[in-house]
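This report concerns only the one structure given below.
Labels for the chains are A, B, C and D, by order of writing; each one numbers its residues from 1.
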């Protein structure tokens, strides 16, 4: 399977880059599965239903979220009707929406997409490791599903790497989001799972994690209320990871970063 | 000036890679200035004086530290005799050692090297932004010093980016350390300062931030005392950033990541 | 039922105060049930099996723990043989020991004692609220058990109060530990549950949370390795809460703080 | 000097209790100096100028703040005209307002009032210990000022106790705020400084730190956006500490808690 994962879409700049460029990427790379993290699509905070629809229409097969999942409250009822948008699986029982979805791709193949939130330096939540373990018990990689993707929305590199190693050989891809910076540690772990600590955001990199740099930098110098932060408006770099997997095993055979547009060094799989 | 910055050296694997490969790198890239972060050299925790001596002998011009600065206490008196080893500048007044050093390089040129620790998700410390500002008032980039390098030892990508933008045009390079994962957002900011959110560690990347993966991953699953962590022993990837600067301005003219050896994708400037 | 809960026993000073004074307190107040928190008994860090035995021999019916549960590792196998020592119930599945115990008291009555750890400003753990809810489903207050005591080992007053209100009417007593300072907000909540945000430690109050004040205060001024902390050695104040409950309902009918010995203002129920 | 310090005034319930009862308290206890913390006066978030005026009119000599200092932005310019309202002294240089004020009391005597914020589990700020030390160098307790009061707005009991011991003998009173729960560890430290870890809030104690208990407790169970929090509206307990000092030394000679009205056990000095 040819898979593309793209990190946190930030604001209009990120949304425009995604909807304008994803169709060509999908065709050019002959992709089977596209997953994007949408938690910052709406002015940096949350995801509105119409944005989710636009991402799916442009070629995304599933959309993950994170700590900003509910910043746009309209998404909450929307999750009931659109199962391809998922929120972290380790939100407590009774939370609307789901933390995993199986999507069907070309040739009748099936891919499991999961989302969890880390806990180190983040909110108190249920154990994300056991959440993944529980979900995996419902599937058989290489048999009932041909691929399994996990978006670990987390701050600490140590926790993300602990996911990679804990599930090495059980997932096609473990990829981090949330820091809004792409890491260069993409690799196939010894057990066959593709891994990258953070996909990076899809947004303007002349910014502070996607937000306008002047005000956002001042927050570290001052102890004042300040202006409301707004997304930076320069051209976005689409950031993510391309992975090829073997349908028979669900494991990775190739991994290559993608960085397209905007300020970052350009890289195509 | 041709500058190489290498991230946190972790354990024996990282030390060996550095001392064995730095002489050839220094010659091959015709480097003027080499700075390495040494806070994890000693079994993952701190830097012993003999290790500092070995790094300097192998071609480092200065060594920075971080939250593990004092894990090997012998380093504390050593900082008084060896000024090229610096600790975060925003440790409180009266702390042994210094947070900045001016080193002389080929042709009588002078380079300022600084180290600060971030505060978001880290220890309470003095303001690292004002610490850099105060140090810069003692120098004139392009006149009394030809280059100025800042190692921002910090957890949060937002805080590191705030440093990049706050000092854009005033420093040659702002580079992050501490997450032990190289980021792929190297760039020259609009004002001329080279920037990368994290240099990445020099250590074995089949690990949890350089430590053996089995025990380190289990810590996220269990709430038990566990074994003492030990560094992973596979071949290290040297990770860092190469920067070329204009002596007349002290600003960056070229920036290129370096990843050499071990598991990560290889890249030479 | 006449119940006494005593907060974190700290070091030798706390241990001596407990073992020397508890027999007289038990007799004088005609107590049915005594619960003490023992997480700091061993030089401030953990609880050794012989200390647990001494506390039980002196009149404790159950001992709770907290974030320092495993600092003395010998306690881990000991929990299997001595069920009256419990650790936080929201440690992950598979953790040795239990988070609740039913102890039998005079007249064949039974009391449930539970221990959980909060998560705000503390370690990532399972949901402590659901842990209590699950345990309560195994019992019927006023029928299968005559009293139910919960030690909420937590940092934040908000989280402890959330426990009080969430379980008001379902427990006899919700009492906090961990800050090592007694609070003066003891009350019977509207639903009948006795509540106090923190029991306070049993230790020397001329200290920093029980540890010698010089070194412990300096840690906030300096960023240096410092000496190992040791418990303060002045006379301990036993701190806790006395509660009377109605066996027919398991709810509280009277609540009164106890502070005996040492520097704090003295108060007997 | 006869001094009363009252903790965080929360919402209308707290404001009403203060303005209605302070005149009688001031007369009845023959007070020389009254200091109140006002950071939660406005619906739980911040202090509006008219509220500050009302508190001063009712008998407060100075008002301190905390992490909610700027929640009502109108207070920012107001601090320039009304010096008796102070914000934490360890906000960065250039912040509007001041962190200390000298107020004149009966008989031409002068009292220094200071406010700092702790850093453990709170925002990154300048060193609050050095901030107090610097302020004290401008005064001579027992000579240029007859009393010196410090409100330590902080989460951790350890940090507050470190303040008490670090400045024991140099201040009349070190009192904590922010947890919204009164502690029962009031004492005169060996050097003569009165101390209490937290004054407690002036608000409704059938609540979660002053806010309506239903919604506030649910936040610990759910991971959902939830309703906006509102202050609880039951009768407030005024909570604070009464201290008598010797004008010749500025040190404490008597310390006694005050709890008046509402649900908590009643106590008058």
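Going forward, a residue touches a chain if its C-beta (ideal position, glycine included) is under 8 Å from a C-beta of that chain, and two chains touch if they have at least 3 such contacts.
All values derive from a computational prediction rather than experimental measurement.
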Item to check | Recurring contact interface, reference B-D, options A-C, A-B or A-D [over half identical by residue number] | outcome: A-C
Item to check | Chain pair showing more contacts of the two, B-C and C-D | outcome: C-D
Checklist outcome for this item: Separation of the C-alpha centres, subunit C versus subunit D, in whole Å, is 29
Checklist entry - So, what's the distance in Å between the C-alpha centres of subunit C and subunit B? => result 45
Next on the checklist: Two-or-more-chain contact residues of subunit D, please, as numbers and ranges.
Outcome noted: 92, 125, 127, 130, 220-221
Checklist entry - Connecting every touching chain pair, does the picture come out as line, ring, star, complete or other? => result complete
Item to check | Footprint of subunit C on subunit D - complex, ascending | outcome: 121, 127, 129-130, 155-159, 161-162, 165-166, 179-187, 189-190, 197-198, 200, 205-209, 213-214, 216-217, 219-221, 239, 257, 259, 263-265, 267
Checklist outcome for this item: Per the touch rule, the subunit D residues reaching subunit A in their complex are 70-71, 73, 76, 91-92, 94-96, 123, 125, 220-225
Next on the checklist: Show me the residue ranges of subunit D that touch subunit B in the complex, using the header's touch definition.
Outcome noted: 92-93, 119-120, 124-127, 130
